[in-house]
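In the two complexes below, chain A is the common chain; its partner is chain B in one and chain C in the other.
Right, the complex of A and B next:
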């Protein structure tokens, strides 16, 4: 398992790097509008209506951005939580913890691909 | 009691003539100011991981139809979601400020014939992109355009 993680390291780092750079670029706008602005009633009426949200998300650019907002934070999060737990728990359980976290990120990314393709 | 650190982390290629004790992590490693900031940076992984799963729920709700979407919007008004998303926003800003400061220093001195721009230019460029992307998303998702 440890060897497999080492072999996959370049791919994991690519996804982690994309997560930390692109994810961080994209997330404030999404968080401010969808998760804070809309529930707090700060947006104009209908801005987050189902019809409008669906139209935006089902546009090709919308699908790519939605998938980026699902997959990139997952990989960034998985890698950083792995590093955090390695610091606290030592490197003994790291292969199991790392594999579990990357499995969550991979499963979430695949589910995200399916969800945006079937919109 | 201190515990053994990564056993291979500092191993020299050839054993030296002086016998040395295996490296140990001090118990109070987390309390050093630099280490605390580093651990906090790593800990932002938790809100990022949860955020990815919540955005997956957004995509699933959009696929299921208006009722699922309304239910999601109602959940987002729950104080627990609001507090989590506020913490997530602070985490993302913390990651951006720290990572964008680090990013110019991590660039190669030269990539073939190309030299990267000076560090302050890269740093300013990242902030400009961050502000531009955030404003663009706010305009579109906020209902101002189209």
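Right, the complex of A and C next:
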């Protein structure tokens, strides 16, 4: 497992890096719009209507963006939590904990793929 | 020795002692020293060695933050003791050997593992074919130099290894200074060995073990910024890994 994880580190780091970029740039804007903008009525009328949101989300680019918003922050989180646990639990980068966290991220990503494909 | 100016101040030094022939674990010994105001921590240690206790062992050489020999943990923080003003400390100063290294004796640490890691990143200019002398020197523009100059300022003092939380727990991790050095050669316009080094960077001591604590950069006395080198090295190692599927490599 340790060797497999070592071989996959570049991919994981790439997903983590993309997650940071997205998590820092896009996710706050998205959450702000959905959790504050919409309920407080700060968005234009009908901006968050079902039809509009569905049209945006079901467009091929919309699906890709939605998947990125779902999956990449999961990888970022898994990688960060792995480093955090290594510090807290007082051991090195543990391959079992790492694999478990990345499996969660992978499962979330697969669920995300299923969700955007079956919209 | 520093000039005799200003008022002397008495300080208590709690120093790690370890004699491998007698001790199972390191212990501490306390020394009362009247310190001159402009003394560095190293001046006090040399005073203890010369005037109070000749059995104390510690490494030092240049006294001007160039040789990198006198790194120790001062009040728990990795410091170059020749550069660390006693005036910044209180009555009690704890001096320990650098953390994360085996102790040889007292304040002297074992550097073999560190040197092995250094060698493993191939810290020299690798070229596929040596140029003949008649072909003239290798030229490098100031811009090309600036890509790596900062990372070549490392004095191998090992403070970054003592500060790194990953080095503390993952003994195989290449560590900040070795990665910064390998990255320095990868960024050198004269070098052609990046693929070899990137393989080392993705190997057992992988750069990806780094957990972004940034402690290496915090303690670096020469502003090398090893954390920046590590993160640039990560990106390069990923790009190189992806490229290896497209471009066939020799060897």
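Everything below uses one rule, namely that the second predicted complex is superposed on the first by the 115 of 119 C-alpha atoms of A that agree within 3 Å, B and C clash if a C-alpha of one lies under 4 Å from a C-alpha of the other, contacts with A are read in each partner's own complex, and residues count from 1 in each chain.
Definition applied: a residue touches a chain if its C-beta (ideal position, glycine included) is under 8 Å from a C-beta of that chain, and two chains touch if they have at least 3 such contacts.
Source: prediction; values computed, not measured.
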Partners on chain A (chain B, chain C) - clash or fit: clash
Contact breadth on chain A, by residue count: chain C or chain B: B
First (chain B), second (chain C), both or neither touched by A:15: neither
Chain B versus chain C as contact partner of A:39, first or second or both or neither: first
First (chain B), second (chain C), both or neither touched by A:83: both
Contacts of A:69 with chain B and chain C, given as first, second, both or neither: first
Which superposed partner A:91 touches (first chain B, second chain C, both, neither): both
First, second, both or neither for A:6, with chain B first and chain C second: second
Intersection of chain A interface sets (partners chain B, chain C): 83, 87, 90-91
Touch list for chain C against partner chain A, complex: 165-166, 169-171, 173, 202-204, 206, 208-209, 211-213, 234-235, 237-238, 241-242
Complex contact set, residues of chain B against chain A: 3-7, 25, 29-30, 39, 41-56, 58-60, 62-63, 65-66, 69-70, 73, 76-77, 81-82, 85-86, 88-89, 92-93, 95-96, 99, 103, 129-130, 133-138, 140-144
Touching residues (chain side chain A, partner chain C) in the complex: 6, 9-10, 12-14, 17, 83, 86-87, 90-93
Residues of chain A that touch chain B when the two form their complex: 19-21, 23-40, 43-44, 46-48, 50, 52-54, 56-58, 66, 69-74, 76-84, 87, 90-91, 101, 104-105, 108, 111-112, 115-116, 118-119
